[in-house]
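Take a look at the following structure, please.
Chain IDs A, B and C follow the sequence of writing; residue 1 opens each chain.
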Amino acid sequence: MSPITGRGGVRARKIFGRFAEGLCTGTTVLTVGALAYLLGGIAAGGWRTITWDFLTKAPENGMTEGGIFPAIFGTISLTVLMILMALPLGVSAAIYLNEYAGHGLVSRIIRAAVNNLAGVPSIVFGLFGLGFFILFVGRGIDRAFGLGLLFGQPAMLWAAATLAILVLPVIIVATEEALLAVPASQREAAYAVGATKWEVLRKIVLPQARSGILTGAILGVARGAGETAPLLFTGCAYFLPHLPVVQIPHTPVWVINPFDQFMQLSYHVFIMSTQSHNPTEVRPIVFGTALVLVSLTFLMNLGAILWRRRYRRLLEEARV
Amino acid sequence: MIPLDVRSKIEIKGLSYWYGNHQALREVTISLPEKRVTAIIGPSGCGKSTLIKSINRIGEVAGEIRIEGEVRVDGESVYGEEVDLVDLRRRVGMVFQKPNPFPQTIYRNVAFGPRLHGVADKRTLDEIVERSLRDAAMWEEVKDRLQDSAYGLSGGQQQRLCIARALAVDPEIILMDEPCSALDPTGTARIEETVAKLKDRYTVIIVTHNMQQAARVSDFTAFMLTGSLVEYNPTERVFRNPENPMTEDYITGRFG
Amino acid sequence: MSLDPSLERTHSVVRARAMEGRVARRRKQRAIDWLAGKYFAVSGTLAIVFIMLIFIFLAREGLKALVEVHPMRFIGAVTENVITEKPEFTMTWQPVSETPKYSLVPLMAGSALVAIPATIFSGLVGLACGIFLAEIASRRVREIVKPGLELLAGVPTVIIGFFILVSVASFLQEVFHASRRLNAFVGALGVSVVIIPTIATLVEDALRAIPREIREGAYALGATRWETIRRVLIPTGASGISAALILGMGRALGETMIVLMVTGNAAVVTSDIFKSIRTMTATLAAELGEVAQGSEQYHVLFFVGMVLFTITFLLNMLAELVISRMRRKLTL
């Protein structure tokens, strides 16, 4: 009978195993470290530029001075418009997938389409925005109503619509997850007292899925704020002397003008870092803009992740 | 208690076992005999699966456990500091409740263990695979389709494949955790035949909730209730003339 | 036990009230329910509609290119060599010139020269990270690392491109003695940053989907943790891992901003990873803004978009196929 205590062969296998596992661990650490390196680098280069003026003033002197407020405003307006379009559509699509469609062929085709949509290159969305929204829909409306060239040109409206489609898979996936998290027992209880499907959705499921849907919305906004390629020809501009707002006639109320072009943070970083005429002079501004953009998206992503963790934990506790 | 002329392979003394906060075993003391079949019976949750999992320490894969007392194989503690889990599990084989072959060919399933422990020569591997499949009463059925996927076999065949896989590493002890609960009567019958043949060479501990099976297959039977050992005697004694009234109640079906 | 008479009165009032409005209410609810069902069914098809729309409108402009330009020119054309003054077959992309050259070959070569190395590198790194997350990390560590990877995936690509431009490119040029500062290698590295989290997450999902019994079976035979990973889990999860790589490759081919900013934008055919190249995506981004709508080049660019869309679409379908085969394999 061989003793239970370790033999040479086994020790070698264990050592090799530990070495291989160490490699995996080290690789992961390095990868996450890359994130820290990236963020740290941007922060180091840009924190000095962040002043109150920087965040609230417009660019001056050929972009070498002043602030980036118009870009911030444009980014916020754009993403608000985008999420107003994407959220209802995405949530509805997810409701269909999860509550109405079975597990058959239809459901699988739709899911495949969602996955495909998620995999479309962002520049192709840009082309789509140009070819469909601006040229087809926009010009079509112009022609139909004899409006000249109103809808058929680059504008925040079309940029937001393009981004909305890009962001749709994010919303759909997050909403589906939120819907799945609502236990079947809740639905059964509602049906058992005679509720229709719509009533079950409206009164029981959706309220409980609210947190998850909110998470999806935040993730969608973060994604939309960071995209650049779809904006290249659908309405973004490097410098505009005015904000994309318009005053409602006869009132002191200003609203966002979706037919206007706009400035945007990620687009700004792109143009400034590749096409500026004074690269060294604008360097601090680019860093500052990049820092603002990355902080915004980072905080939104982080917020969504933490929020999701919190309500997932609450759900588990409630179930037990 | 077991007769004096039978050698004890596994000695468990005062074993208490906790999963997290839940105590699954309460000071169990039992001597399991060599080259015999011992059945462990009892209602759900009585700790019988936990008892055998404490021998090859497979419970630790799922999470944190705590024990008091000792488990010894051939006199040496299984929980000692110097104990090598890898080697322990080679010496103490296990067949699970639900057949769990790897999604690979029949041959590779059986050859997995030997390959792991250093056997590389193809001819030796072939011999081991054949021997193990014969011992599991499977060789005639699969000898012409060793390269087929294990998933093409029926439930009963898959379970016997798992037995062959466990035998391939030449263990001394075979633990079986309700091996027939996922099988139909034909599959069950074949497994029981196999178990009867195994005891010539191996020490078999089989957990079962099927009392008739225990009566058919085993030499010794242990009855457990809520983590404690209630009775442990030769099988005939346990089923004809149990020592403990609770055993009699369980066997006659007064509770289940 | 009989009810308190006053209670019974209340009960019957409620019952009567309910009976009164019941029929009308139920009919209205049922109509709303039917309407809601139709509405949701329509929105369910949105994703399909949009995918089709994208393809249709790319084709709407892109197919015009096939009419205006002889298809052979998308591969190459016969031009007169400036130096030798002899005609030769070249594959150049030069839409703005006397005789526009529309060979897609340099663009596709550029995309490949970035995407393939990026996928290989990210595949290895992503596999290691996925193994770590699924098998090695404790729950607490996982709760930190997994969000870390998610956050990495959430960094806007323009920021990654910018950061590479200002910090990394020069450093890399020194280390690798590259002839050009902005080249395919830098591009591949930047793209890797984007696709590693994707691959890692998919690998982790693939490994975690493997049922616990199979792991226990391996451990019970005396395998170490790494042996279980290498000999059982990875082969079993091979389909999921392949799907991760395929999707990663699709993502790499579709990346625009990073390559636009750091690959040098030279539309040449080369296999030297340290030379400047230009990808399909960068071409679209760079040229579409400056081209006249409806012109020949305009249509050709949409054609390039069609090709790009088709490639990524096919890769996505391939990944779906692989994943569904994996699901079938794992069901006993």
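Methods note: contacts are C-beta pairs under 8 Å (C-beta built on N, C-alpha and C of every residue); 3 or more make two chains touch, one makes a residue touch a chain.
Predicted, not measured: the structure shown is a model, and the values here were computed from it.
Here the largest set of C-beta contact pairs joins the chains A-C. Of all chains shown, C has the CA centroid lying nearest to the centroid of every protein CA atom. Computed centre separation for the pair subunit A/subunit B is 54 angstrom, with centres defined by C-alpha atoms. Averaging C-alpha coordinates per chain places the centre of subunit B 48 Å away from that of subunit C. Distance between subunit A and subunit C, defined via averaged C-alpha coordinates, is recorded as 15 Å. Residue positions of subunit A with contacts to 2 or more other chains are 13-14. For subunit C, the set of residues that touch two or more other chains comprises 224, 227. Multi-chain contact residues of subunit B, defined as those touching 2 or more other chains: 86-88, 116-117.
By the touch rule above, subunit B contacts subunit C in their complex via residues 56, 58, 61-62, 85-90, 93-94, 96, 98-104, 112-113, 115-117, 151, 158, 162, 165-166, 169.
The touching residues of subunit A, counted against subunit C in their complex, run 13-14, 16-18, 20-21, 23-25, 27-28, 31-32, 34-35, 38-39, 41-42, 45, 89, 92-93, 95-97, 99-101, 109-110, 112-117, 119-128, 130-132, 135-136, 165, 168-169, 172, 196-199, 201, 222-223, 225-229, 232-233, 266-267, 269-270, 273-274, 283, 286-287, 290, 293-294, 297-298, 301-302, 305, 309.
On subunit A, the positions that touch subunit B within their shared complex are 1-7, 9-10, 13-14. Residues 29-30, 32-33, 36-37, 39-41, 43-48, 50-51, 53-54, 57-58, 60-61, 125, 128-129, 131-133, 136-137, 143, 145, 147-152, 154-163, 165-167, 193, 196, 200, 224-227, 230, 247, 250-251, 253-257, 260-261, 281, 284-285, 288-289, 293, 301-302, 305, 308-309, 312-313, 315-317, 320 of subunit C are the ones touching subunit A in the complex.
Residues 211-224, 227, 231-232, 235-236, 329-330, 332 of subunit C touch subunit B in their complex.
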